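Structure incoming, see below.
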Amino acid sequence: MSYIPKSWSAPAALVVAAALLIPIFAPDFMLFEFSIAVSYGIAVLGLNLLLGFSGQICLAQGALFGIGAYTTAILNVSFGMDPLLTLPFAAIVTSLTGVLIGLPALRLQGLQLAIVTFGVASAFPQLLLKADGITGGVTGLATDQPMAPQWFPGSLELWLYGLSLVCAAVSVLLFSRLLRGDTGRLMRALRDNPLIAEALGVSLTKARLAAFAASSALAGLGGGLFCILNGFISPQSFLPMKSIDILIGGVVGGITSMAGAFIGAVFIVFVPGWTTDINPALGGLIYGLCLIGMMIVARKGIAGVPIGDGLKALRRRINKRRQSRVPGILPGQ
Amino acid sequence: QDTSPGIANDTVKIGISGPLTGPVAALGAIADGIRTRIDPINSAGGIKMADGKTRKIELLVEDDGLDPQRTLTNARKLVEKEEVFALVATAGTPNNQAIGRYTTQRGVPNLFMYSGVHELAGPEWEMGFVPSFTTEAAIFAKYLLDNMPQAKIALLFLNTETGQTFQSALEGAISGSNVSIVAAQPVTSADPTVETQLSTLKASGADTLVVITGPKQGAEAVRFATESGWKPTTLVSNIAASIASLKPAGLENAKGVITSQFLKQVNATAPGDDEGVQRYLADHAAAQSKFSTDDALGQSGYAIGDALVKVLESMKAPTREAVMEAARNLDHVQLDLLLPGIALTTKSGEDVYPIESLQLFQFDGTAYQPLGEAISFEGKTPKH
Amino acid sequence: MAVQAAEENSPVLAVDKVDVRFGGIHALRGVSLNVREGEICGLIGPNGAGKTTLFNCITRLNTVTAGAIRLNGQALEPLPPRQIIRMGIARTFQNLGIYAGMTVLENVMLGAHHFSGGRFIDALLRPGRSRRIEQELKARCADVLADLGLGDVANVLAGSLPYATQKRIEIARALASRPALLLLDEPAGGLTHGEVAEFGDMVARVRETYGVTVLLIEHHMGLVMGLCDRVEVFHLGQNLASGKPEEVRANPAVINAYLGKSR
Amino acid sequence: MELFFQLIIDGLASGAIYASLALALVLIFRATHIVNFGQGEMATFSAYCAWQLCEWGVPIPLSFVVVGAASFLLGIFVFRAVVRPISKAPVEAIVVVTLGLFVSFQALCLWVWGADQRAFPSMFPSDGWDILGVRVTASVLGILLVLGCLAAAIGGIFRLTRLGLAMRASAYSSEKSLLVGIPVEKMLMLGWGFAATIGFIAAVLVGPRLFLSPTMMMSILLYALASATLGGWDSPLGAVLGGLLVGVAESLGATFLPFIGADLRVVIPIAVTLAILLVRPAGLFGTATVVKV
Amino acid sequence: MTILTVQGLHAGYGVADVLRNIDFAVERGTIVALLGANGAGKTTTLRALSGLIPSRGVIKFAGTDLRQCSAARRVELGLAHVPQGRGTFAEFTVEENLAAGAYTAGSKRQIAQDMERWYEAFPRLAERRRQLAGSLSGGEQQMLALARALMSRPKLLLCDEPSLGLAPAITQEIFEIFRQLNQEHGMTLLIVEQNADLTLQFADTAYVMEAGEITLNGKASDLLSDEAVQQSYLGV
């Protein structure tokens, strides 16, 4: 049971279809919100790679997202680079930072890793303030106004949305390449039982850091995109809660699903707004209850339900049937 | 002339984005304060504007949790989906910076931003409200130069635009005198306690403590100064000095605290005979507002609502340009909650600061007593 | 043939006075053991004698406090655990070391992982190459599965299979790494008598086809006596006896410590 | 030098605050193997209820006792309503549920009582003494004393009693516990109840220092998590000592390490935690587990 | 008198049932063997009996219908289950494991007595009172699992492959203990074992399972001489 075909199942198809249909129905401001959601989605995808497929938790994903955003902003503001061209750098710089953050992961796992990385997320905005020489401190950084090229027929928002989708597509492509075949299997082995994996010749160091690097690269790409979309960033956008939001996005969407990453991102971008629309005073309460309800109804995330579950049940049934054909004693040759 | 979006013959839509949830949800009282002011007007039929029409105000409030990016999406949603006429009281400096470019390009008024830093990203379409932190720094400096010419200041400041602006303004204002800053310690709004910083400040041998932080750290500082047996002259920024927010520190500990104010003191149990205060209390009761009557943020919101009403009244055409025009040319406009002697004054092209006067007060254990008259910095608000 | 070969060849695996302590517990106290090329060597001993600990030392999951372990003359102690399989040692675990959430084939492919797999950069940038490698790997592992009679269940989740089948998957996985030395830790646990006999045949067959040397921990005396060329007995972390199965079975010390009276 | 000692005292004071929440977190972890991110917010809610009773004129001790008992019920309610339905869900889903509790309780307090900070009555006198120029206050000593006793009591219950053993077993593996006849669900329920009560006590201790507000506990969450990790998640005493260590390290580091300073003090708890974990992976007082395959 | 009656039992994992319509009974004070090939469903049967997996059908234990009882309640009623493989609390010490096993047992004194008794029976455990169960050797864990189950002084002991991973001498001893418990305390035992020769020597009656159904039952001595059984389960 390879994970790729599974993720490419119904939820993925739905997400792709929705992504393509959105520009037709959504007004500009909403297209903008969707673009923001896609940028988060890329970061959530990174988290899924780490959490869902290699079993390591990183609660600094929001900080890494911020590093991507600041890389883009600084390259643009201080070096005059075209924002679009900065994206690969955002991914690379963040990836390297991610490896640094991942170093403790070689010794720590689970809860402890979560808390240490959450500490990184908490320190991040303060570090940005401290390094105000390059980050602009509290004032933040305003980057070049994003602009659609001359030849582009649609609106600026459509252009940015298209750009986001391209980034997402690239991310999904890289993601699925990593999860296909040996590397993916290896990461899952790592997740399920590192001890055995090591006995099978897996280099834990290499695999863990690779997972961190890849995951952070995605966070960085998402962050760079986020910066381009907004045209302005400041430390206030990368508070520790952002990392928690990204985690929520991942889990609500489903941490072992690519489609889920984007579903989850849409959730964290839109649902808090909807709940305050229902009742401004009670918005937070409704959102909190919504999170709890969500997990009770769909414990494997939205992407795991209900289509996903049905498929799985079917698969299990098929397996069962095959299995019953296995003779109880050793088959002779 | 064309009519701008968001304004009809009988209504005008106003958008607000601010933190209704999360760690700084206290700022949500601003939106509530505005609503407190607007509700009675709507029930009375609306505002009579200078173009001859009477319009009701429709307030649309969005939560941004003080995240600038969410402020931007909110602003876009308000402008493009809800088609508001103007944004009001957007809270937070970076938040206003984040939407500056957008409001400028769209030509959407961003009125009475709740930020003590006024020089932001889109000067044409923006207007602040509360006095600049530089004004407050100047008035504190003036007090010290007049009364304690040898003062040694220990500064506890919020490590954001707020505190940094204040710090540099204070340094500027005391330069060349014998008043000096002997120690400065930053706090962040995430710091659970600030005793470490205060101990360090105390050890510096300062005789004056200046506090420019949020309400929580302000109250902690006031408590610390007494608890630790350190008795400096304490000056607290008006962001942190309302009686409501000092109460948890123990009001007896706050005795002697000096602050600068532009809003009247409100004491619900003894409202006194000030008409403005009485109207505020009546409106507060009628609107069943959540914030307590002595909440400085709610009061600020109420004042902003009041200012909004005044601006809309003097708007000569149903356009966004006209509202900016009106806001930029306020001439000694009195508000219910502004202290006597303090009024909104702006001048197109020259003066972007609506409130430039502050009055010093000292706490006597139950109430703030004025220390002299309001001091006006009209036209001379220090830039930063 | 195998028995003769065992006597002629130099040891593949040489364990020399190995000592292991866990805090206050002295689990191995200077045990020595040689396994010769091509033989099936049994390792028996009472519970807690240190058999599994020795396996763990060989595969570097535990560190030895003193002594040396050599494979074909090369010391194993300095190597990290993940190098062991590359040296040609593969093992199974006493309490099932399979990945229950993966299919049988995936489990086995993990065993062959070290041939080619695990290059993250290749996976990202050279999808063609990694796909080809994956195909090769799959073919090779399918062969192993077929050899062990697991062909039918290749795509079934390993966790849902009966205990004994899972143990067999582990052996398949170990074989997929093409080891020179195969360490089996109680592979026949939970098999019925009939199954044990077949299992013995399978191990013998595997030794021929894959040319492996086997070190086998087992409490099932029937299997040990029938299958092993030589048997080594541990007791309380020390060598108690060693020799041909029949000799060991007749050794009073072994009977006393391990086999019990009635056997 | 006086400053140095004063800072140590300050560090102990804030450390005691971190330790209070850490203790509640460790308790729930020990009893249910869940890190309840909403623990502090539930405690804040309880504290608000107590405050409200006081405002209505109920004597302080009585209201504390009443709310302490009610908190136990609150814990049980939360367990039954939201935790039990997902008890078999993967861990990340449970984490999100506790985050949901966090958001919900914070929003609930905000909705009912508003965001203004309130004065929470202190159990301790406001006395303070100057000892060789160093100021020590009664409230800090009081908090430390109460925490010490609580930690010892909780540790004792877990280590030495049948109930404690059963609770630990239930947290560790429900299947294995059922096999020996432990009513797992009841144990988990008790765990939630106890944790909510201890959380309330923590809120009572820190309330007067931090001022009662919906986000009171949120501001110390990271510090409390670091303290619990540092001390070892299965040791109540470790949580308290961890908290104190974090507090002192923070206080001294923020003052004497120029490149850190007060604005970067938030890195200190994590740096200290990381340093200690690298030496002792299970934390200072945590027990390392051995996994055999 | 029967202590356990099972009628029309269905159970499984998820979609399809592993057990289909199982009927059997266990007489009080007897030793019953449950034999069967790998994957026949023996473990599943025991798990259904002790309530670890949901099941349909009737399970009557000492007059009580177990369907209403949680797994924990079943232990209180006197049913103990030694699971297959390593069922100990790996994070607990040996002593704590035994104490947990005595959760439903009576007085402190009785518990202390029992503990001493099993320490005597398994001296290896006595040496390792403070060792974490997870770090014990496989066989040591098996002994611990057994001792832990016996701490609850069950009326009926369900034993899933008790000899798994045990040295021959210890296996022998354990069966002696079973016999002793059975004769001296009237404990009933239902034993799933692959070591069929040994089990059938000790057992009074036996059932044989194949593919989720019971295909054969009878006196243990009869089965010992049954040809089919000899072929697949006995080492003759």
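Here the chain labels run A, B, C, D and E in written order, and each chain numbers its own residues starting at 1.
In this section, contacts are C-beta pairs under 8 Å (C-beta built on N, C-alpha and C of every residue); 3 or more make two chains touch, one makes a residue touch a chain.
This structure is a prediction, so every number in the text was calculated from the model and none was measured.
S.K.: Would you mind checking the shortest number of contact hops between chain D and chain E?
M.R.: Minimal hop count between chain D and chain E: 1.
S.K.: Hop distance check: chain A to chain C, minimum number of steps through touching chains?
M.R.: The fewest steps needed to get from chain A to chain C is 1.
S.K.: By mean C-alpha position, what chain is farthest away from chain E?
M.R.: Relative to chain E, the chain whose C-alpha centre sits farthest away is B.
S.K.: Please identify the chain with the largest separation between its CA centroid and the CA centroid of chain D.
M.R.: C
S.K.: Starting from the mean Cα coordinates of chain B and chain C, work out the distance between those two points in Å.
M.R.: Each chain reduced to its C-alpha mean, chain B and chain C end up 75 Å apart.
S.K.: Measuring from the mean C-alpha position of chain C to the mean C-alpha position of chain E, what distance in angstrom results?
M.R.: So the centroids are 30 Å from each other.
S.K.: Can you check how far apart chain A and chain E are, centre to centre, with Cα atoms defining each centre and the answer in Å?
M.R.: 48
S.K.: Between chain B and chain D, tell me the centre distance in angstrom, where each centre is the average of that chain's C-alpha atoms.
M.R.: About 36 Å separates the centre of chain B from that of chain D.
S.K.: Note the residues in chain A that touch 2 or more other chains, in rising order.
M.R.: 122, 126, 129, 193, 195-196, 199, 281, 283-284, 320, 326, 328-329
S.K.: Would you give the residues of chain D that are in contact with at least 2 other chains, written as numbers and ranges?
M.R.: Chain D, residues with two or more chain partners: 106-107, 110, 263, 266, 291-293.
S.K.: Two-or-more-chain contact residues of chain C, please, as numbers and ranges.
M.R.: Each of 52, 93-97, 160-162, 165, 192, 194-195 in chain C touches at least two other chains.
S.K.: Considering the complex alone, what residue numbers of chain A touch chain C?
M.R.: Touch residues, chain A against chain C: 1-2, 174, 177-178, 180-186, 188-189, 192-193, 195-204, 206-207, 210, 214, 319-320, 322-323, 325-326, 328-333.
S.K.: Applying the document's contact rule, which stretches of chain D touch chain A when the two form their complex?
M.R.: For this pair, the touching residues of chain D are 35, 82, 85-86, 89-90, 92-97, 99-108, 110-111, 222, 225-226, 229, 233, 263-264, 266-267, 269-270, 273-274, 277-278, 281, 283, 291, 293.
S.K.: Please output the residues of chain E touching chain C within their complex, sorted ascending.
M.R.: Residues 13, 35, 37-39, 43, 84-86, 124, 128, 131, 135-140, 142-143, 161, 164-173, 194, 196-197, 231-235.
S.K.: Residues of chain D touching chain E in their complex?
M.R.: 162, 165-166, 168-169, 172-173, 175-184, 287, 289-292
S.K.: Which of the residues in chain A end up touching chain B in this complex?
M.R.: Against chain B, the touching part of chain A is residues 27-30, 32-33, 36, 122, 126, 129, 137-140, 142, 145, 226, 230-237, 239, 241-242, 269, 272-273, 276, 280-281, 283-284.
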